[in-house]
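Given below, in the form of structure tokens, are the structures.
Next come two complexes, and both contain chain A; in the first it sits with chain B, in the second with chain C.
On to the complex of A and B.
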């Protein structure tokens, strides 16, 4: 495990590994969390992702990147896959793959959009839709490490039914504040009118810029650019804002 | 639609896996400088177009092609013509 974070070890170079599905749970009508057993998994950092490769009987292969949703736990790796209607890979993973089935996976990869428990700065997580996945890994690693770093999560989704990771996110983690922003249909009794993320939302649910928080923004391209621009307009240092966009065709 | 075409990109984080086949350390954390406009920033923040043959990474500021990668069956072809330099964060040098 300790070898995972050491760069430059040629013996640990990236290679495809066989991953076997051990369980799954539906997060919403459109998204499923898949838990794989990956023998030899070297561990990962919160926010890293994996490449998944599917090979058809005729040898045709399709490859996609998915963020890891789980904190490191032995050889288990959880991914949350949102079904893209005309996608090649996501409908197979989310609808067809059964417990015991195998796919190929390599990783972990990516060292920029990561949170390390050693970083003492307060953290602002801004999620748009399925962009919650790597941010959930950060919350889970925070909990697993017993960290007391204060976190705030601002989570924008269309309707309450689109929330992932319920009830885990409803469970009160000391030091973690969660705010939902609904863009189409609000929860009953919610005070905020539906609408896209605004400077006022980030002002009330985020951190003041002079707290110098580490900001992580993940979601579709338009959401990420809007949220990052709002953070800069509120005075956050662009170098403290890390972004990860989901391509519109992730499928 | 032009608008859709212009929007069909991912970000430099998508380069992490393919480039990990080549580099010994994570390249998406490296800071690159664009040859066209001189902007510096993390490779993770480039705009990556994956619908070309291979991957084409463009500067988020000026759209100049910074990096191209094509993975063939028995080789990888990496074109860095739009990159002045890459600065990699590393732990202190070992003895």
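On to the complex of A and C.
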């Protein structure tokens, strides 16, 4: 956890900006990607997040953090929002917000859980459920930069229907290996029995610790704890493992 | 007031809750860490306070805590695993902060910072460093891990001091 890994301090206050929904696409039954136009957007690094603020008519506000799913592209910022049962913000974003509607957003935030194309080390991405979002931004930045850094993605979801970013992830990307781990229902013809992520999964679908890959683990707390512990037990240096946890307080 | 999101109601406002803006009550114990959970054995745990003059006081698990002489105004808290966070020294004094090592009748679990973590309940919880190992006392404020990345040096939740300049 080296101090040098994070950028300089922010010079100016993070301003709230108006973001207008320009398009959306449903990833699964429970998740929707929202593309916003944010005039003045300063750009972002792969893995960073934004704070979203909604204001009710009586002035009440609610804020949530969402990872950016897209690579930097002018003033456009894509977020993928999973509906949280009983959630306050996510059902509004995923179900109510229409193209042309405006919300407020500020960022980018976070300088630790980021990947930069200048880093030559091989990359292991380990995603649990909606934890794929900031890792997808890394894959997209890799592609946009024309990087040849080898990436491996290990993506754990309950069933094939829970996969985000299809068909983009099915598209053959040279240097990117994608492995799906199903915890409840496997894809037809899949060899691996359903179950939670194991050391064997990370051994076969990840990188040997000797390669000193940069590891990014994102998902719900229990998944991240388990996956990060497995990586440490396989000999990965803890300082090479960065984690981002989607706590139960999301939504 | 920001732009209104039409149709957004929000949760029912309960006036009996004294919570900082943007916070809500949780009965569970969320975990947020920037890396894997360090497993620190109590037999090897130590806690160090280093003053601005270079004096170091060291405590093993059975020894914690005694008085330290200092003229410093700031503290940089260090944790096993490399995490750091800064705050004014006065926010650590007079019972406002604890080294916590028990929770709910048992030892503090590693993912919550065990064997011991700092607990500064009046500030945002990234100031309450898990796996705490020492305090560096400084005459001038020095940013910690998240503060270097733009998080607030003080972090008062009542004033929503999330990022620099808030």
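To be clear about the criterion, the second predicted complex is superposed on the first by the 239 of 251 C-alpha atoms of A that agree within 3 Å, B and C clash if a C-alpha of one lies under 4 Å from a C-alpha of the other, contacts with A are read in each partner's own complex, and residues count from 1 in each chain.
The rule is short, and it goes like this: contacts are C-beta pairs under 8 Å (C-beta built on N, C-alpha and C of every residue); 3 or more make two chains touch, one makes a residue touch a chain.
These figures come from a predicted structure and were not determined experimentally.
Enquirer: Superpose on chain A as described above, then tell me if chain B and chain C fit or clash.
Expert: clash
Enquirer: Taking the superposition as given, does A:111 touch the first partner, chain B, the second, chain C, both, or neither?
Expert: both
Enquirer: Who contacts more of chain A, chain B or chain C?
Expert: C
Enquirer: Counting only touches as set out at the top, which of chain B and chain C does A:232 meet: first, second, both, neither?
Expert: A:232 contacts chain C only, not chain B.
Enquirer: Kindly classify A:245 by the partners it touches after superposition: chain B alone (first), chain C alone (second), both, or neither?
Expert: both
Enquirer: Tell me which partner A:85 touches in the superposition: chain B (first), chain C (second), both or neither.
Expert: neither
Enquirer: May I ask you to decide whether A:14 touches chain B, chain C, both, or neither, giving the answer as first, second, both or neither?
Expert: A:14: touches chain B and chain C.
Enquirer: With the two complexes superposed on chain A, say which partner A:221 touches: chain B (first), chain C (second), both, or neither.
Expert: After superposition on chain A, A:221 lies in contact with both partners, chain B and chain C.
Enquirer: Return first, second, both or neither, reflecting whether A:96 touches chain B, chain C, both chains, or no partner chain.
Expert: In the superposition, A:96 touches chain C alone.
Enquirer: State whether A:49 touches chain B only (first), chain C only (second), both chains, or neither.
Expert: A:49 sits against chain B, while chain C stays out of touch.
Enquirer: Looking at chain A, which of its residues have contacts with both chain B and chain C?
Expert: Shared contact residues on chain A: 7-8, 10, 13-14, 51, 109-113, 221, 242-243, 245, 247-249.
Enquirer: What residues of chain B sit close enough to touch chain A in their complex?
Expert: Residues 4, 7-14, 16-17, 20-21, 24-26, 28-29, 42-45, 50-51, 90-91 of chain B touch chain A in their complex.
Enquirer: State the interface residues of chain A toward chain C in the complex, per the touch definition above.
Expert: 1-3, 6-10, 12-14, 16, 18, 51, 53-57, 59-63, 88, 92, 96-97, 101-104, 109-113, 221, 225, 228-229, 231-232, 238-239, 241-243, 245, 247-249
Enquirer: Could you please specify the touching residues of chain A with respect to chain B in the complex?
Expert: The touching residues are 7-8, 10, 13-14, 49-51, 65, 106-107, 109-113, 221-222, 242-249.
Enquirer: Could you list, by residue number, the parts of chain C that touch chain A in their complex?
Expert: Chain C reaches chain A through residues 1-11, 13, 21-22, 24, 26, 28, 30-38, 81-84, 111, 143, 145-150, 162-166.
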